[in-house]
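Structure incoming, see below.
For clarity, chains are labelled A, B, C and D in written order, and residue numbers in each chain start from 1.
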Amino acid sequence: MILTVKLFGPAARIIGSPELHIPESGAALTCGTLRLAIARHYPQLAELIPSGRIAVNHSYASDEIVLTGGEEIALIHAVSGG
Amino acid sequence: MILTVKLFGPAARIIGSPELHIPESGAALTCGTLRLAIARHYPQLAELIPSGRIAVNHSYASDEIVLTGGEEIALIHAVSGG
Amino acid sequence: MNITVELRDGPLVGWSGPPEAHAGAVVRFEGIVRPQEDGRSISGLDYTAYEPMASRELKRLADSAMCDFDLQSITVLHSRGFVPVGRCSFILLIVAMHRRPALAAMDWFIDALKRDVPIWKHPVWVNTVKGL
Amino acid sequence: MNITVELRDGPLVGWSGPPEAHAGAVVRFEGIVRPQEDGRSISGLDYTAYEPMASRELKRLADSAMCDFDLQSITVLHSRGFVPVGRCSFILLIVAMHRRPALAAMDWFIDALKRDVPIWKHPVWVNTVKGL
């Protein structure tokens, strides 16, 4: 199974796509391990990960939140509105 | 000779007049000695004097400024605009 | 230098700022007469200004803000005379390249105005108006 | 609770705030698109919002400001899509009884917006538009 993560702004431009895909490892995936997995599969994004946040179903989620697979997941980084 | 000092706001209401009059003492009068003279001649205003400022010809004047008699003098206290 | 300072009779109405060239932040403050003073109902405030000192002090403070906060323009309008409750008696419009200096200038200017500008407000009590 | 939050397509125009009851301070901030980004000329900014999260976050921050700063109303409008240089992309209107909480709320809200609200701006370079 594959997890889809929406991308925006600089992250989307780096990857050249509005989303990226992470193969699930089998072990329980949390927002924290997802961040690590993104950095591993997409080294171009590694720099953004420490300051990036994961949104789950349109709310920020802390690292210990467990992902079950049906959620809408987004990597939110360097917003700049206003 | 008599010095006229314009009053506004609370000071004018306390005295019941838009100005007060201070007899000149003969000695050189400064803004500092004028403040003392106001407090002496108008004890009702004594409380306002420490935080009040003297304006000479429409500019704030410090205590050491000497008054020669022809100036427009005002006691400015507790402004509250805005 | 784009500085406007003006005292106007009565409430301030229908005023809009100058066009902004190369601005990043436009901040506008309006002071509205509140319905109470010291817990008592008022019908409005009566403003007395010592002129021309009040305008001169406003101009001096505006010059100072322009320079210290690197503003693009500053506009100050203040009422004199009677302003009823709910109406505007003070407008401060600040235009700057960035938000932070614009907001800092606004805070500084209003403090300085209350300290230095010889304008006094006098409450007109509701009962006074009715002659009670 | 008087809270308005809205994302609108393109530049924000002709908008005026709600009538103020018992207000003392009305502060309005407008963010205007500046002519340069990183020293290069742009024709405008293109805003992308992740919806409905952007609106939800704006609403959450507005709720929080209302409560923490004891505001009477807060109105937030933000553009999405293209906004040309010199046009308004963001309006924040805060109404409160007193000036200090109104200005403090404005400062807090804009910081929080830049931290939490998933809206991104992308410069449209002048040369890009001309195809060079």
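Operating definition for what follows: a contact is a pair of C-beta atoms (placed from the backbone, for glycine too) under 8 Å apart; a residue touches a chain by one contact, two chains touch by 3 or more.
In this text the structure is predicted, and so the values were computed from the model without any measurement.
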> What's the overlap between the neighbours of subunit A and those of subunit C?
Replying inline: D
> Which chain's centre, taken as the mean of its Cα atoms, is farthest from the centre of subunit D?
Replying inline: B
>> Taking the mean of the C-alpha atoms as each chain's centre, how many Å separate subunit C from subunit D?
In response: 24
> Once you find the CA centre of subunit A and the CA centre of subunit D, what distance in Å lies between them?
Replying inline: 26
> Any idea how many Å lie between the Cα centroids of subunit B and subunit D?
Replying inline: 49
>> I need the residues of subunit C touching at least two other chains; which ones are they?
In response: 31, 110
>> If we count contacts the way the header does, which residues on subunit D are in touch with subunit A in the complex?
In response: 31, 47-50, 52-54, 56, 78, 90, 110, 113-122
> Across the complex, what residues on subunit C touch subunit D?
Replying inline: 20-32, 34-35, 86, 88, 97, 99, 103, 106-107, 110
> Which residues, counting only subunit A, touch subunit D once they are in their complex?
Replying inline: 6, 8-10, 55, 58-60, 74, 76, 78-82
